[in-house]
């Protein structure tokens, strides 16, 4: 049985590729949000017409992005949420809460200096990782029973 | 029929009292997380015993706090989430996501300078307010049909 | 056990009062949308600030009204939807669909000349009435077993 | 992962074909109600026997059509509802409410002159379009991240 | 905490009164279908108008009775279904199936000569009784821990 | 998309084959209970060991059969329930109730002389047929939009 | 808002009274299984008649006890499960799994020497306590925000 | 339609292979927890780093194993739980409770000397077996209608 794993959160590093490379050979389909920052910000107005007010500009885009991200969370067997170094990343925490309420298995990925600020998010998770490799190792173990090394 | 409204998020200003005062007379019960920051941080070790590792110190506390916050979200007719000026507030965004996935009516409260960073959270909301008074006015209208002024 | 009955739909005649009068003595709590047309149209901008674009003016109001109407449908034991003579009344049909998907008992109230256009809505209903008195008689029978006359 | 998109509502123009053409190449399966107006009206009596009373004629048909339409909504990843120029189209609004209650992503398609009458329906949607092309562009963006132009 | 117990099925003996008498003193609210056979058969046409076709006569009544019986099953903590000596009693078995699918605790009451024919229904039950007194004894034990004698 | 249709109820005539033949060419998978009466009655003791008490003999078998029938109902897009001329058939009515509570589309098949006794079951159905051919015609229409003749 | 707390598991020490005493003054209703071991073992045959086969003797009792315990878990805001020193206590672990699947907040209470054997159960819990006093302190903190000492 | 059967519980005998061999030819996919005891105990620290405290060592592992076991239960059509001769096996009982709450068909496998201690677990099951062969025979009967011998 193939697993579907949603890689949510940070879109400014190549952590998704790192996870995928380290998970090579596993029967896993990875999904992701749109990771083109500009497209993600502007999709609403690009398709549905310009808005002079930035709030509605953002709103139209966020609603369209939600079609993809909600679908990805609902279809996922595991939801991985990465918190990076930049930006507020409230959408990442929102995704984690959304996934938790649906009873999804959660894996959270962040550097240790965010641990205190993320304690409520981490407390809802099945695992808290510091590297993309650890995420892949968890997937490998969960699917095949094999441990690293 | 009394409504239950969960006031989630920021715990360092008196916005909950402002909402409650402005909502005086309404048939509303407000619930909240534990707003004593130190108690909230230390409840796990205070009750269940010290942990040398800060991660597990936090973890034990966050799991106990989750008993209260999950219950509050699940019992709520409306979930209000306040994003303040300080801290990462990932738990606030997590609560918003959790509430959204349960189909709760969401009201988000934040200053306009956070609007872009909160666009995904705002897009899941029934209303985005800038002041506690607006939150109370929404509750007054929703319960009684009366508008301000 | 008291029943909660949501009276959805048309807001320009006194059919809600007719139902309530004819249901006198029953252990029923009636709920309703905000029936002040102007307040219902303008609540969004009245509370959250003006919008130059009519679409967003409407949108802000409709989202706030949804807090009340979704809650009313979810809390209801029976949802009654009245289709009147004026306006498109798409929100009434939307409410009926929403209630049907939640498995609520539905009673639809309309004149016989709307029967063909409402056939899909009627097909989801437990009863199709032509008068408010019939709605009350159904409630009286369902709660007490007593038939009219 | 293929997406299933239900195209609900108006059956008297070729908007479904327009959406499909503009969405060419996407991994999408489109579903639809029976769009043969006469068959849809008469299926009940054609299969189960004539009814002298028009109400039951309609009722038998509507119940059979509901097997298809409820199934289509439940299986859909996205529900698109088109409101056209003719007829009351209460079944379209009913479908929108039904889909909203199931938590489906909703895209509403109508001319701007219906905006005020559809404000409650639009408020439940992820996107409000004026053209079939926009519907397809949303699907293309949601599935592939590509924007038009 | 008061329990709600729905007493479904046979309406031609006084078994409901027997259960209630034997359960005296317990914190239980009993609910029941309309047990006036004639009213139950004719409620549809009595309220909504005559039907020349017996099928629709029955249909209108059964749909109205379903408002009461579905509500009773959904609100019940325990559903008791009595199969008597007369009639087909398919509605009793339907209620049992409906309750089972909702995860309700089921108690079935019938004479031993129906045991083979009711084996699928009994297999879904928490208890199979032969007398109303046994039903009450189960309720007394479940609520208070006291056994008979 | 293939549909799964569960053919529940009577096991002593070849109505399932009639439906299947008349539905030839449709993208439908039919499922059924075990229709070997003796095997169905004795499966429990044949596998798990004899029971001197007929009640437990039946019970062990009914619980095993429930693995198949509950699964079939849960997986079905449409549940067809046939009431024949012989036996009590309470399990058929139980299946109908079970399917109704899960929100499945129901088609009921019986001769007109059972109509009054089955009025509660029929009231939960999308269609009431008298012949297997009608069942197939409904499926053909629902899947392809084609009407007979 | 009063909380309902189900105290599941061990029935041979007075830990329930200890929790209740230490929780004095809190707005909590405690529920429990029947804690009279003999009554719990024999309730089935005492009410429904003797069984020569011990398996069915046990089975009849366990099914009746399940009416109470499932109800208690479903109604609970928090489920506390105590593992004591004696017996296999598989029913305690079963209750914990049942509660976890329903998304209930779980508090597990056991001596540290059971920690390894209970690691899967503990991993599903919000808190793992060693004394009844700790259970009460968690409830006090969760309801009132007050910490011990 | 292929069935998915989760084989939970004891990991120190080859009962899973026995079931699989005896079920040869059936359209069944078997799933299982990680059955390498050492890997299962140590997966948490092997991937995420050592813990000096045995409780957290176990906790990290149990949370990761839960990703696999919860997924297996949720995806299963039938959950088989084997109680062996060694260890406490609380995780097996926990899995049974978890599966029961999700409405899964349950088959329990244990020697008769555990019958009294497992009565609550058995009472939630569709079948109680003493040998792996019986498990396979149930699956064969449920899928194909064929009985042994």
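The first chain written gets the first letter, and so on, giving A, B, C, D, E, F, G and H; residue counts start at 1 in each chain.
By our rule, contacts are C-beta pairs under 8 Å (C-beta built on N, C-alpha and C of every residue); 3 or more make two chains touch, one makes a residue touch a chain.
This structure is a prediction, so every number in the text was calculated from the model and none was measured.
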## Note on the structure
Any chain touching chain C and chain F at once appears in the list D, E
## Note on the structure
Matching interface for E-G, options B-C, C-D or G-H, criterion over half of contact pairs identical, gives B-C
## Note on the structure
Across the interface between the identical copies chain C and chain D, with over half of residue numbers shared counting as same and under half as different, the residues used are same
### Query
What is the Cα-based rotation angle between copies chain G and chain H, on a 0 to 180° scale and rounded to a multiple of 5?
180
### Query
So how far apart, in whole Å, are chain A and chain E when each is placed at the average of its C-alpha atoms?
49
#### Entry: Whole-Å gap separating chain D and chain E, where each centre is the average of the chain's CA atoms
40
### Query
So what's the Cα centroid distance for chain B and chain E, whole Å?
44
### Task
Could you check chain B for residues that touch two or more other chains and list them?
63, 66, 128
### Query
Can you name the residues of chain E that touch chain C in the complex?
4, 29, 31, 34-36, 39, 42-44, 46-48, 60, 63-64, 66-68, 70-71, 75
### Query
Which residues of chain C touch chain E in their complex?
1, 3, 77-78, 105, 107, 125-129, 134, 137-138, 141-143, 145-149
#### Entry: chain D-facing residues of chain C, complex
54-55, 58-59, 61-63, 65-66, 69, 83, 87-102, 112, 114-124, 128
